[in-house]
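Before we start, here is the structure in question, set down as structure tokens.
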Amino acid sequence: MSPSRPLTKQKMAALVARDIPDGAFVNLGIGQPTSVADHLAPGTGVVLHTENGMLNMGPAAAVGEEDPDLTNAGKQPVTELPGASYFHHADSFAMMRGGHLDVCVLGAFQVSATGDLANWHTGAPDAIPAVGGAMDLAIGARSVFVMMTLFAKDGSPKLVPECTYPLTGVGCVDVVYTDLATFDLTPDGVVVRETFGITPAELAGRLDVLRS
Amino acid sequence: MSPSRPLTKQKMAALVARDIPDGAFVNLGIGQPTSVADHLAPGTGVVLHTENGMLNMGPAAAVGEEDPDLTNAGKQPVTELPGASYFHHADSFAMMRGGHLDVCVLGAFQVSATGDLANWHTGAPDAIPAVGGAMDLAIGARSVFVMMTLFAKDGSPKLVPECTYPLTGVGCVDVVYTDLATFDLTPDGVVVRETFGITPAELAGRLDVLRS
Amino acid sequence: MSRTRFFDEAGAAVADVADGSTVLVGGFGMAGMPVALIDALIDQGATDLTVVSNNAGNGDTGVAALLAEGRVRKMVCSFPRQHDSWVFDGLYREGKVELELVPQGNLAERMRAAGAGIGAFFCPTGVGTPLAEGKETREIDGRTYVLEHPIRGDVALIGAHRADRMGNLVYRKTARNFGPVMATAATTVVAQVGEVVEVGGLDPEAVVTPSIYVDRVVTV
Amino acid sequence: MSRTRFFDEAGAAVADVADGSTVLVGGFGMAGMPVALIDALIDQGATDLTVVSNNAGNGDTGVAALLAEGRVRKMVCSFPRQHDSWVFDGLYREGKVELELVPQGNLAERMRAAGAGIGAFFCPTGVGTPLAEGKETREIDGRTYVLEHPIRGDVALIGAHRADRMGNLVYRKTARNFGPVMATAATTVVAQVGEVVEVGGLDPEAVVTPSIYVDRVVTV
């Protein structure tokens, strides 16, 4: 049964949180993915990694209790949970690149039917490119979840047969969470897992990736 | 002025110790090179590295005070000096390979005139080869000092035009300390720095590397 | 006795940075940023610099101020664009500063390679993206890798928490970030620290940057 | 809650090691040697093993006992020949065990590469020696390097000092050696420790092996 309306950002975050296995080591990307942390039930044993060198990161620091030496990848003040550990950048990215993280959650401009990810650069001539750790996460985590709206403001789909924006990684995305549907990207193609406020037929009518 | 007799092992070790600059970071190889530590004057600030993951290693542990978790590269119990640090094997060899050690002192079967080192394997068909950290040290330290007798038991020189034993490293040795003479291996060839109990002319008569 | 030299003010510790140097600057945002050392470098006057740092300056201080003075020829970084990177943004749009954009993990690993004596390494990050264009690739065990080369610095400026009188360093929380890697990758390493303790005052098991990597320490 | 599982005896922690596995065994001499885990592996019976360890066994216990039982097809190590390596020496001379001799730093770096997702790396160690024969070489910036590939384990058996209930590990003195690197390079990592403390009982700044790398902990 699909809900009768599109998911809010909060509901999308809750959906992603629900799919993260107990005890998993997880990196939440800058921006919307960060909100997934608010929906992880206590006692699941999920351990958050932040690329700037920490495991078992806690929630955002309370106002007045910020520590400038303790921030997340978005440079926001965060906290430390018991059992945390710190390590330097080469070790942190070895952990990412070496396939030790179970899940990372990233935002996206576009995702292709074969799991290509574009999330770092619009390619516009006057844009200043910035990649950060996105490429390392995209190819490093065992499962890559993307969170995004399904359609851009101009109505064009962001889940596409082939990305037109510069790529972040090739064939790396496993699941795409959107306001209108959740998609599994499988070797056999795009599979709609669930829809929200849209029928599968309507969805197929608006997405080239479901018509091939 | 050259002393009138060949150097004892202890005097050779003292000679090497004298040539180690104050404050240098130094690795002393297994065997005879280990004895150089006994001749480093207190207060020189020389810091000893051991390949199994420690800087500022102290002298051998006193009988009854051995700690099985604290050994040198030869697996002998040693001690820790104030200001020591421990690190894992990949970091220890990154330190060696990356050119951060000022000096290492190694034993040798043979050294060539161009600084090739052979010290890990006789090449005999029934010999069991063992290399340890010798190859890493040979190419990693900024200066490589060798300590050996100048002639083998059969009278053949160990400082040779070209090594006949399997190599440890190519063109890596800077200074060769022997019982009969000290040699600098320079881009212009082998230079005798000092002789002990042998005249330079006698030495030249017994060494091909001085006759070319 | 230690080879590491200790300074009370930052100016003397960066006095010999030459024009044209490659300068590795620690920090991730402001955490671990060696602000006093960068200020001293601004006063010191070296120009035509290549600066390697995760970001390209925030606000109008630190690396941003160095950029604003026209002293940086090239930035090597992973994330120049931030809400407060207006100095870099302006210079970049005017074509007054060169940018080499490097994925963050490659930035760290390329400096680690420099410090560890590795000549080059096959890395899976960035394969098939514009940041790997023109670089050699190779398939190994069914996966494609791109060949990445070391990044070496003439000088590293890093921020740490405490030093001992040997030059051993410890960091604090996520301010550790690039400091330990940069300390291995530069000819001259200058650390600003909050405090210098006596030899024996740091736990040997918890030292993060051993003294061998630290040439100069400035207490700020 | 933690994914790491805790055991009171070693047998259960190595019960699923399969025939033909590659087993990384920590320790340098006896320092850091996971004796209880090796003993349990001997009892467990897995055979046709490739063992990666710095040495090839000392005396008649540990790796030497595993070798003596004919369970090791191949040793990958840097220093097999020791005054008390008679078990390995005998088997090697009889052609009953294969040997891949690897310079010690390459052994460590090849496992680090496996753990860090590096496909291969150009290394200056061993160039021009028999241990680089048949390997690809390349000149980079005037220096010759040899291409080295990762060493991965199916299982790593390591010795550590203390774990917390998350699975974070600290080591003691030079017993640290290969443990932290091997923990990153194997599918299943089993650590024997002297003590398990509560979560929060280890200093987060001093954790050497973060819990993400540790699958099983046995208190001995």
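Every chain is named by a letter (A, B, C and D) in the order it is written, and numbering of its residues begins at 1.
As a convention for this text, a residue touches a chain if its C-beta (ideal position, glycine included) is under 8 Å from a C-beta of that chain, and two chains touch if they have at least 3 such contacts.
Values in this document were obtained by computation on a predicted structure and should not be read as measured data.
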| item | value |
| --- | --- |
| Contact-graph distance - origin subunit A, target subunit D | 1 |
| Which of B-C and A-C has more C-beta pairs touching across its chains | A-C |
| Interchain centroid distance [CA atoms averaged], subunit B/subunit C, Å | 35 |
| Between subunit B and subunit D, centroid-to-centroid distance (C-alpha), Å | 29 |
| Rounded Å distance, subunit A centre to subunit B centre (Cα mean) | 54 |
| Multi-chain contact sites of subunit C, meaning residues that touch two or more partners | 109, 112, 116-118, 123-124, 171-173, 205, 208 |
| Interface hub residues of subunit B, defined as touching at least two other chains | 80, 86-87, 93-94, 96-97, 140 |
| Pairwise touch network: line, ring, star, complete, or other | other |
| Chain-chain contacts as defined at top | A-C, A-D, B-C, B-D, C-D |
| Subunit C partner contacts - residues on subunit A that touch it in the complex | 50-54, 67-71, 75, 80, 86-90, 92-94, 96-97, 116, 121, 126, 128-136, 139-140, 166-170 |
| Partner subunit C, residues of subunit D touching it in the complex | 109, 113, 116-124, 138, 140-141, 143, 145, 149, 170-173, 203-206, 208 |
| In the complex with subunit A, residue positions of subunit C that touch it | 28-32, 78-82, 85, 88-89, 92-93, 99, 101-109, 111-112, 123-131, 161, 171-181, 208 |
| Complex contact set, residues of subunit D against subunit A | 1-3, 112, 114-118, 164-166, 168, 184, 199-200, 202, 204-205, 207, 210-213 |
| Residues of subunit A that touch subunit D when the two form their complex | 22-25, 43-45, 47, 49, 55-56, 80, 82-87, 93-101, 140 |
